[in-house]
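Only one structure is covered here, and it is reproduced in the block below.
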Amino acid sequence: MTEKKISPQQVVEHMLQEDLFSKWLQIEVLAVREGYCKTQMKVRAEMINGLGITHGGIAFSLADSTFAFACNSRNNLSVALDTSINFLKPVQPADILIAEAIEIHNGRSTGLYQISITNQHEHKIAIFKGTCFRTERHVVKW
Amino acid sequence: MTEKKISPQQVVEHMLQEDLFSKWLQIEVLAVREGYCKTQMKVRAEMINGLGITHGGIAFSLADSTFAFACNSRNNLSVALDTSINFLKPVQPADILIAEAIEIHNGRSTGLYQISITNQHEHKIAIFKGTCFRTERHVVKW
Amino acid sequence: MTEKKISPQQVVEHMLQEDLFSKWLQIEVLAVREGYCKTQMKVRAEMINGLGITHGGIAFSLADSTFAFACNSRNNLSVALDTSINFLKPVQPADILIAEAIEIHNGRSTGLYQISITNQHEHKIAIFKGTCFRTERHVVKW
Amino acid sequence: MTEKKISPQQVVEHMLQEDLFSKWLQIEVLAVREGYCKTQMKVRAEMINGLGITHGGIAFSLADSTFAFACNSRNNLSVALDTSINFLKPVQPADILIAEAIEIHNGRSTGLYQISITNQHEHKIAIFKGTCFRTERHVVKW
């Protein structure tokens, strides 16, 4: 019950503050609630790979942050075990990426989340799936 | 046969030159041959996530670059379709990550690669698996 | 245009006729259209594993058949490249499993499908993801 | 220490006895030790799919059983969370499939295993990866 004092917003705010790599990516959190998170970022020229399109690690990292925010939203510290991403469409510099995490399964010890990434034209560009392990420690102490 | 003129080294050198995100990560290529690549990078403080450990996107990005170098090494332009990564151990700033890509399957239209990431203590920290699609275009024109 | 003569129903009917393992599983096709398929089966006592619950291969096989029906539905012979399945809840003998395949991406050379499996209580028991490669041959000749 | 009384062989023997689906598949255990298992089976005509080759569920099921034997071998009851399989080569009826499970990570709460499947010509036909969750219950009571 005392745990109720920490809202999903407070957890994600706390995480974002520490999350230097998400800051470098300039990820913005658009919405968060229990088991859910929506974020966005703008791709920059310095994010391309050796084939001239956006590096796969960029979409992965956006999805992984969004996954972390959603799966930690109940303040039960959860870490990624197994994640996968399917790349559906190339991403170009200046594209806006929007990631939405939904909770497929909220188990006591593990959870399963799916994150869809779309661009500014509402084209699906990647699908991410993540299994997390719940440590039973807290993200935010109170 | 004319294709033989472009070595794996030339392909990867060309890719690295364009690969601004791998440059930001400061990925170094230690070895490359047909279907194989070994790389390394040093984790920096700015690469942490909201839980104070290295962001999962960093290990993923290192693996993804190493995968791209290995699967494009025959100069047959190949793009990632489906990738997955399992996280085995937390990574700390200042850790050295070494990624090694091996070719499990070299098909005409697709390929399968496995990338192991170890740290400076030779602990396995992540396992990455990637399926690529071969476009039949070239990375380096000659 | 002549290809239009072969409907998704005809493709799946043809596949089912040959599919001896789906017959052993007693998979029934409930619905099929382009890029979509819904099936069901009843778990039998002989399908359990060494821990006394239904073998993971049973849910996988149901999902894999449903994936095959959905991704071949346009009569472009497609084979599985990379598939994954997350197990969310144990399945018991006599449970009814319902699998629904949706098309996430219908590319020229590859496709991506997601198959959800629920039981008779509408509990999600597994999530399957499949990438297929399109051979450009036909399933049904005409 | 009392737990030492139950050997990997005893655990797998116990599991196999209950495992009716592995019996239908006619899986034989060739070797087992802590974190390791090697099995084999012969593909039968009744195991084909709608495209006339062996159903993907057969290779998956063989791998999944081998995974279960390896990850339960220390008598710590472990269940599959997330598994994936890549199909590299079609399998024909009468082929002999040999599956070998190795332990990539043996964590307290979870484990990661890789299972390679080869045929009688020593061609790799599939690669399976499995994450399990350890329940801390026993497979075999003593």
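Chains: A, B, C and D, in written order; residue numbering restarts at 1 for each.
Assume a residue touches a chain if its C-beta (ideal position, glycine included) is under 8 Å from a C-beta of that chain, and two chains touch if they have at least 3 such contacts.
Everything numeric here is computed off the predicted structure, so don't read it as measured data.
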item	value
Far-end chain from chain C, centres as C-alpha averages	B
Equivalent interface positions on chain B and chain C, same or different at half	same
Rounded Å distance, chain C centre to chain D centre (Cα mean)	22
Chain centre separation (chain B, chain C; CA means) in Å	33
For chain B paired with chain D, centre-to-centre distance based on mean C-alpha positions, whole Å	30
Set of chain B residues in contact with two or more other chains	81-82, 84, 86, 112, 131
Complex contacts: residues of chain B adjacent to chain D	84, 86, 88, 104-105, 107, 112, 114, 124, 127, 129, 131
Residue numbers on chain D that touch chain A, as the complex places them	81-82, 84, 109-110, 112, 131, 133
Contact set on chain B toward chain A in their complex	14-22, 24, 45-52, 55-58, 60-61, 64-65, 68-69, 72, 77, 79-87, 90, 139
